[in-house]
Amino acid sequence: MLAVLPQLVVSGIATGMLYALIALSLTVGYRATTVVNFGHGEMVMAGAYALFVFAGFGLSFAPALILALGLLFLWGALTQRVFMRPIISGPHLSLAMMALAIGYAMRGGARLRWGSEVVTLTRPYSQDVFMLGPMVVTMDDLAISGFVLVLMGSLSILFYLTPVGRLVQAVFQSQRGAALVGLNVHAFHAMMWGVGAALGAAGGALLGLFLPLSPDMGVWTLVRGFAAMTLGGFGSFHGAVIGGLLLGVMEKLLGFYINTVFIDITAYLITILVLLIRPAGLFGRQTVVRI
Amino acid sequence: MAQPIVTPGPTSPTPRAPRLPRWLFWLIPLALLPLPLYLDQYRQYVVNLILVYVPVAIGFNVVIGNLGLLAFCNVAFFGIGAYTSGVLALKLGLPWWVTILPAGLMGALAGAAASVPALRGVRLFYLAIMTLAFGELLRWVYIRWVPVTGGSFGMSVPPPNVFGWVLDNEGHKYYAFLALAVITVVLTDRLLRSRFGRAFMAIKDNEQAAAAMGIPTDRYILLAFAWSGFVVGIGGSMYAALIGHITPIAFDLTELILQFAVVMVGGLGSLTGSVLGAALITTAPEFFRPFPGFLELLFGVLIVLVILFLPRGLASLLARLHPLFVDRYYRD
Amino acid sequence: MALLEIDNVTVRFGGLTAVDEVSLTVGAGEVCAVIGPNGAGKTTLFNAVSGNAAIGSGRILFQGEPIHGLLPHQISAKGVRRTFQNGGLFGDLTALENVLVGLHARVESGILGVLLASPSARRIETEATARARALLDLMEIGHVADQPAAQLSGGQQRIVEIVRALATEPPLLLLDEPAVGLAPHMREQLVSIIRRLAGQGIGILLIEHAIELVMSVADRVVVLNYGKKVADAPPAAVRADKNVLEAYLGHV
Amino acid sequence: MRLTKIFLTVAAAVATASPAFADNMQGITDKTIKIGNMGPFSGEAAVFNPLNYGPEAYLRYINAQGGVHGRKFETVFADDACNEAKGIAAARKLIYEDKVFMLMGVPCSGVAMAIKPMLEKEGIPWVGPAANPKLTRPTVPAMFHVTYTGIESGQAMAGFAMSNPALKKIAIVEHSNDWAHGYCNPASEYIKSHGGEVLERIAMERGSTDGTTQALKIKSIGAQAVMGCLYQQELIILLRDMQKFGVTAPVIGALGADFDQTVQQVNNPAAVRDKFFQPYQFKAKIGTPALKEFEDMFTKYLTKDELPKAGPPTNFYYFGIPVAIVTVEAFKRAGASPSREKWIAAMESIKDFDTGVLADKINLSKDNHVGVQRMFAVGLDKDGKQTIYSSWGKAQN
């Protein structure tokens, strides 16, 4: 039984990379605007379909991907600007519902267009399998991990080595303060919401490499992303990444060593356990908890 | 002890908000009594479905509208109510009317359990995610606990029975449902217009100030969740009686979005709004029927438009019409 | 015995000492003002008294009983009421409903009575409503009783908040910057209200930046600077105190 | 008091108003027969709506031939969103508002079970593809299955595997929904009652993005064959990951995934050749001349929106069509003035009726409302050639 442990961990990390990316994209939007995008799953879905559409124009993978991410960036920024900004000072429930409703409408739209057909993307690489000692690693695993690591690397540079990181922190802590020092908070919100959407779309594009697309593909990723965020600490960037990886591994371990029926609720169990044991998560500050 | 600061002396007459006599309210259900004479079995069913969503919406509204917490677990209370009623009827052979109260109480219990994150100080979106997890875990239990719930196939519930009278006709169910809807509305109205309801609203607007007024906020958060669970649980019991077949999939995230829509479209924190929202959202799919496939898209757009242009829902339209329709939280 | 006794209280947030071994007392019918530059620890001291901030060391006694460590609603129930700096009104509730919330502890209707609309529960509720109306009338804002608090003017809001805090006739009232944003004539009204309350034996602890108002209303002035008490004397004496001048001038 | 009195008066009035039992000629005029066609046109289950369009194509074809006894079919579509509450509303609208003669479709078993009491009470005929065997067992006067229920399909899955004597230890991989259990429960029963062993029932939920755990589990318990009650997406993942970890046990998938699409999307011949099989409900391969007639029917009579956006009609269209074929046959037999009673009697008279699509012939009687039993299996042989099998290793015709 223990012989498969390394394999489970490796596969878990590969899956966890995707969860980490989703959690990270959620966190970017949340940190910049203090609003969680409950319609984020549909941004993930839309990313995959956008890639499909652009690839359908005869573009090769990389340019199609860049266009898809650009499109979702614009769409994310636009939804923030047009739908979220007018109600930004309203009840939090309206914000959550607004995002949810936008997502719901997007899902309905995708179903109208693609609901009855099977849509797949073509991998830009061969479907090879490698042996890493006793462990099996596929090109999918490598491609996803590689892509996510590159994205994370660029994000780290953006947030830790450029002024953007400090801006995000400033806006997160005090929007009025940020406005006072001359930052256009509204534009910043829209932009970061767009970045979050584009990152989510990247997650969708990666999912689409090995799964057929479906209008509902975003829903599950959203739940996983939430759990990863919660585990890592709500609002923490590296927490989101580590939370995602841990979630990926835990799903595999729980499923294999206890029972496969637990795979689907690992995310929920983690959420509840974190609440009972350590509401702030692994790397979160107490800020989410009542002052 | 300090001396009395103020002695309510001769008060200068102050203009009061216009009020209607309370008994006028009873004209509404009274006027609705002959409805089955005019409706066929399809329309009657839709009306009954509206009545199911009345307690569901007012219960939900207590937590998200009045208490102002982002609790995303209403379908959990709904499902618990439905399954309690179903299991008691199917396994113990109890008549439906006996199962209504237990369904409400189980809902209240679920409500109390769901309030734990809030009592531990979790708020806002984080609370939303926690409570969402709670609801989905319960759904997992419905699927897994096959001997009791019938698992993913669900369970077929016998036709509802009230005092030995089998309600196998939509017109008959209507009276039972109308009575339950009226009872839940009246009780919730009384609760909200008492110090309890005022405490909920105070906690929503400013938790710290509420505590400074001597309100034990935790106890009231627990109460609001439990009441919400109770009322929604009764709605679940009505659902089981109406549909006759309950499956785990009826309590999924899509249903949650639907219930949110009922409350948001009706008006957050408004009892009247909840009733209006239930009527509108339940009948909306019937109007969308000529456009199958557009349902999700139209529904999403509808909610977006309501939030943007009618943030306080249909109730605010009524309130704008006449101050009579403004919700009040006191009795005089 | 003093009504309120703050004895060597220290409050720390992480490494920061916000209130540093402060002691002061408020007697019945006494108006005690706490002044000091921004960040001197005034509001933190208030929060410590009302139970919104935990104290690191020291004691807080109310009518001789320790109240530190109690929860805010328990302290409130004992008779310590406060207002908030940035308007602690419940904006969605009307002025009347706000005052009714203030009366919460006095409205002792049980949940069953409320649900069944028992005669006693109804009576308790209608009596409370009548009393709330009477209180608003007394402060001459009865005409706005049925307006949502968020729609009232700044001055009206301040008065509603004071009415709300006073509704249960507490022996001690904590007012956190009640004069902020008030027009001059409203300030005068505020001063007279405070005097009237003190005249009826209520102890008042007041945080205020408007020095003139403080000087005209306070029996005693406590000056905080960097969390430490630097003066505690009648207004005239404080005005002449070198430490106080330094505390303020040092920040200009 | 007064209120009680009013209530009682009105309630009594309603109670005594004779419950309007549906007229047994409801929905029939001199020129038309009105049929309700119900299914999920919105929501996640909307992928199944070809099950509604298949029969519709046949009715349009019959109309183009002049109809049955001079009457043309008139279809009223209704969306149930695969949700019980909406489904009951849809069915009631069809029955009481549109006054249809009968209902067709309803692929979602939950909805079908929820409307069953109403259909039973009102005597509304139903023929549809919902796989829950409880719909027609025990026999209900007006409800018919002319396609395979979960029992036939599940037994066919298990039966095909066990027709190879080397396969005795079997693992089940399934979704946790009524659809999957509808196939895998009977499969499990069949295995146990035919000398096999069900090693473990492994869950793999909808939306899974990875099948590592399931594949490794199959390997570690030493399963000789796998019953995969999975939708297409998860079936693809399982096949791919089993190949990845070198798990060689053959997989028998449930109806619900499209064989060709599954094979194409696994995109790895080694993972499916002589390894992935599925029960096969049709008499021949889709796309072969034997079924060409129906493909033409779909493309001719369905609109662009009702057909797949790309590619030829999928197996769901073919799986839906027998519903209409048998219904029409019963109308032909019911004579010039059909009623529900006559139509039901005509249905029950159908014996050895070849639909031209299904692997088995339709046999109905008063006591048996499940029309078909026997199924084939489909798979790729060692050379990668798609083959219809009647039992393990034995090609049909």
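Order as written gives the chain letters A, B, C and D; numbering starts at 1 within each chain.
Keep this in mind: a contact is a pair of C-beta atoms (placed from the backbone, for glycine too) under 8 Å apart; a residue touches a chain by one contact, two chains touch by 3 or more.
Everything quoted here is computed from the prediction, not taken from an experiment.
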For chain B and chain D, chains touching each: A
Most remote chain, CA-based centroid, reference being chain C: D
B-C against A-D, pair bridged by the larger set of C-beta contacts: B-C
Approximate Å spacing (C-alpha centroids) for the pair chain A, chain C: 47
Approximate Å spacing (C-alpha centroids) for the pair chain B, chain C: 38
Separation of chain C from chain D, taking each centre as the mean of its C-alpha atoms, in whole Å: 71
Gap in Å, rounded to a whole number, between the CA centres of chain D and chain A: 37
Chain B residues counted as touching two or more neighbouring chains: 144, 293-296
Interface hub residues of chain D, defined as touching at least two other chains: 42, 46, 176
Interface hub residues of chain A, defined as touching at least two other chains: 108, 111, 115, 219, 261, 264
Pairwise chain contacts, counting only pairs that touch as defined: A-B, A-D, B-C, B-D
Touch list for chain A against partner chain D, complex: 1, 4, 7-8, 11-12, 14-15, 18, 108, 111, 114-118, 120, 127, 129, 136, 138, 207, 210-212, 214, 216-217, 219-220, 251-252, 255-256, 259-261, 263-264
Contacting residues of chain B [partner chain C, same complex]: 1-6, 8-9, 11-12, 14-17, 187, 190-191, 193-196, 198-199, 201-202, 204-206, 208-217, 223, 269, 328-332
Contacting residues of chain B [partner chain A, same complex]: 64, 68, 70, 116-117, 120-126, 128-130, 132-134, 136-137, 140, 144, 207, 253, 257, 260-261, 264, 268, 293-301, 303-304, 307-308, 311
Of all residues in chain C, those that touch chain B in their complex: 28, 50-52, 71-74, 76-77, 81-82, 84, 88-94, 96-97, 100-102, 104-105, 107, 109, 111, 114-115, 117, 121-122, 125-126, 128-138, 140, 142-143, 145-146, 164, 166, 168-171, 197, 200-202
Chain D residues within the chain B interface of the complex: 3, 6-7, 10-11, 13-15, 17, 19, 41-43, 46, 77-79, 81-86, 88-90, 92-93, 95-97, 109-110, 113-114, 116-117, 121, 132, 176-178, 180-182
